[in-house]
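Shared between the two complexes below is subunit A, which has subunit B as its partner in the first and subunit C in the second.
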Partner chain A sequence: MANRAQIATNNSALIAMIADEDTIVGLLMAGVGNVDLRRKTNYLIVDSKTTVKQIEDAFKEFTTREDIAIVLISQYVANMIRFLVDSYNKPVPAILEIPSKDHPYDPTQDSVLSRVKYLFSAESVASGRR
Partner chain B sequence: MSGSGQRLNVVPTVTVLGVVKARLVGATRGHALLKKKSDALTVQFRQILKKIVSTKESMGDKMKASSFALTEAKYVAGENMKHTVLENVQTATLKVRSRQENVAGVKLPKFDYFHEGETKNDLTGLARGGQQVQACRAAYVKAIEVLVELASLQTSFMTLDTAIKTTNRRVNALENVVKPRLENTITYIKGELDELEREDFFRLKKIQGFKKREIERQLAAARQFAEGQVAEKVSLQKGISLNSAQNMLSASEKDEDIIF
Partner chain C sequence: MEEQEATGFEIEVRKVVGDEDVLRFMDSTDSYLTLLDSLSSTLRQGWLDLAIARQSMGASRINGALLDHKVHSAATSVQVDQEDVDSMEAQPRFILRKWASVADGKQCYEEQKLGEDKLPGKSGSLQLRHRGDSQLSEEKTSESGAQLDVDDQVQKERAKLLSMFGTLISPKLRAAQLSFETALETLVEIANMRSAMLSSYDRVRKELDHQKDDMVSVPSGHTPPPPLPRVRGKGKQSILLLSQPLASRCCPLLLDVDLACREDPVMTTKDHRCGSFKKKAPKRGAGESYWSFLPT
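This part shows the complex of A and B:
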């Protein structure tokens, strides 16, 4: 049980986001955005000018920050840093792949769903979805 | 794996046999309990798997609805609404709280979202499209609700996965390593004890035989001695000792006075 993560109780944590601008704007409207004293944000807007390096750094930063409980990442962004997402295996913060507006959601590419399917038989996953 | 050579390195005595037997009982009980735990975790695991799949689907729908609401809001409030939103970010008003849930001794994290403080986006779209902006906000809050639920499910899934693996490893270790080893030790000790008993029995039998032969020998010697005694007594009664009679005969041979 060496890799059991410390699960903090009764404290408040943030939701971090790595996604395209529209998704971020929508989520910020719901009020999840946060800017700390050093002007560090808990979100990264990915556009055509964003490099993979920037995304990697943001992902690493969000997964190591202690005040973040959930990391939302657009699926097409997750595909860019797939190796990082797949090698990530800690329970907290949870990595969640979300669909983005102009990239339809593909359940087969999801790292968690592929593991679910590996454990579940393929047809019961299909029947569960219907 | 469970070869007969695998056993604990112990001294084969009755006391150790008792101790090892007690350990075997303990291992058997522990195995049964762990098996039950593993089963309970697996049941929970399958439920979570089903929930994850269905929640992922509903997440797709919710995100689609919220994206559409955002498009509507943008259409009404203008493109530069997003700049207002991005500028207004200060502290998070929607946060996540985590608590634990206990399933068969495994602590699963559960996330709850909650609102904290006043939202800064109340005045966004005041000039135009306020209703659409608020609708969009509500849609995204709903989406986040699903996302948070999904996140807690996913975290539980990961935690349970490792917990089940550990438990199964323990169950298998007990079943395939610890229990056969203890059983082997018990048979070894029993065999050794039997051997010792047989050896002891054989030794006793040997000693008994030896003693019997010794007694017979002594008896025979005593009888011979007694016979000799009786013979001497008889000869004494006749006047001549057995030895002197013999001596006389041998002496007469050597007597030089006797010519013939």
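This part shows the complex of A and C:
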């Protein structure tokens, strides 16, 4: 505790979500739902009618808002905007890819794991460590 | 004489990558995957409970259209701390603050422990009864009373959130709520693991890049590498590469240099390691030459 310097806000930050309806409803029951004065929510329910543009906009909005610390995104939704998710590399807000009801979690598609895959490659480790 | 000089030539390998960084990285990656696995099963349970509740209450009573769109703040949020690790890069740390609206001043009711969990039937007093120590239980009475108050408030908060689905709700909906709360705790742990993994990864990566730049450096007290080309005759010379104490498990490498190729000596090793040995232009002042060992 002593060597920990608090840089970020002491205030609570939100958890944003881009996921299917059931996941959003469940997490809202856990109390993460927030509606601000401009009637902006911290979640986006993705269904068959949701366009990729809407998902992109929501992702950009959630990753730029200062009051959001974690963005949860269903992995199948993240696959729709993979280029955006992979190019995001800030520590806060943290992007977490979560499983959804119809699409189980696949570690090979996770943006964080594919970023650190470099160290699992035998050649890179061998040339680096010897 | 020069041959002898060259024979006893010692090169110090700059072994920069700390094993602990690599271990930390592997540990956090392992935890990340394990936590995601447990998240999957928790969420699956939540979806199942939600589906059962929907089945018994009717699809029109549980859906996204009923969500509260009035202005309200989140009852559960996260607090972000930035941790300085070796002052190299910042590593954010996330702390879950459950039912923040319950927390007023001293009743800072939060933290992940609480969710493990406090099912409606379990209360602090029940746990105390099993302890059997009367003195202890007396001391704890006031504490447990406060705890019960907080539990009551949490129950109210939970009920308030479920009230959007009506007053008479399926018990499975409450079970689903608990599952999603647990999932939320796991998610915050995953976020912490993610930041630990990325920060250790950055550190290892940085050091590996640095290591590639000057893999082998020559200590100033020793004869610099030029003797190598000056050695007369053909044959093999041995060069001992010594590792820094950081790499405790890295044994010294005994390398044989084929002196026939003086301009661009090629190393063959006695163990499984091999690579070429290339001279680099002096960087750090006159009298010191640098050689880089390029493993193949």
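Keep in mind that, in the parts below, the second predicted complex is superposed on the first by the 111 of 130 C-alpha atoms of A that agree within 3 Å, B and C clash if a C-alpha of one lies under 4 Å from a C-alpha of the other, contacts with A are read in each partner's own complex, and residues count from 1 in each chain.
The definition used in the following text is that a contact is a pair of C-beta atoms (placed from the backbone, for glycine too) under 8 Å apart; a residue touches a chain by one contact, two chains touch by 3 or more.
Predicted, not measured: the structure shown is a model, and the values here were computed from it.
Residue contacts after overlaying the shared chain place A:Leu37 against subunit C, while subunit B stays out of touching range. In the superposed pair of complexes, A:Ser87 makes contact with neither subunit B nor subunit C.
When both complexes are overlaid on chain A, the residue A:Ser48 reaches neither subunit B nor subunit C.
Judged by the touch definition given at the top, the superposed model places A:Leu72 against both subunit B and subunit C.
Taken together, the two complexes place residues 3-5, 7-15, 21-23, 25-35, 41-42, 69-70, 72, 91-92, 94, 96, 98-99, 101, 105, 107, 112-113, 115-116, 119, 128-129 of subunit A in contact with subunit B and also with subunit C.
The touching residues of subunit C, counted against subunit A in their complex, run 17, 22, 25, 29, 32-33, 36, 39-40, 43, 46-47, 50-51, 62-64, 67-84, 90-94, 97-100, 157, 161-162, 173, 176-177, 179-181, 183-184, 187-188, 190-191, 194-195, 197-199, 201, 204-205, 208, 211-212, 273, 275, 293, 295.
Residues 1, 3-5, 7-15, 21-23, 25-35, 41-42, 69-70, 72, 89-92, 94-96, 98-99, 101, 105, 107, 110, 112-113, 115-116, 119-120, 125, 128-129 of subunit A are the ones that touch subunit B when the two sit in their complex. Remark: subunit A residues 3-15, 21-37, 39, 41-42, 45, 69-70, 72, 91-92, 94, 96, 98-99, 101, 104-105, 107, 112-113, 115-116, 118-119, 124, 126-130 touch subunit C in the complex.
Considering their complex, residues 49-50, 52-54, 56-57, 59-60, 63-64, 66-67, 69-70, 81-82, 85-86, 88-100, 107, 109, 111, 114-116, 119-121, 124, 133, 136-137, 139-141, 143-144, 147-148, 150-152, 154-155, 157-159, 161-162, 166 of subunit B touch subunit A.
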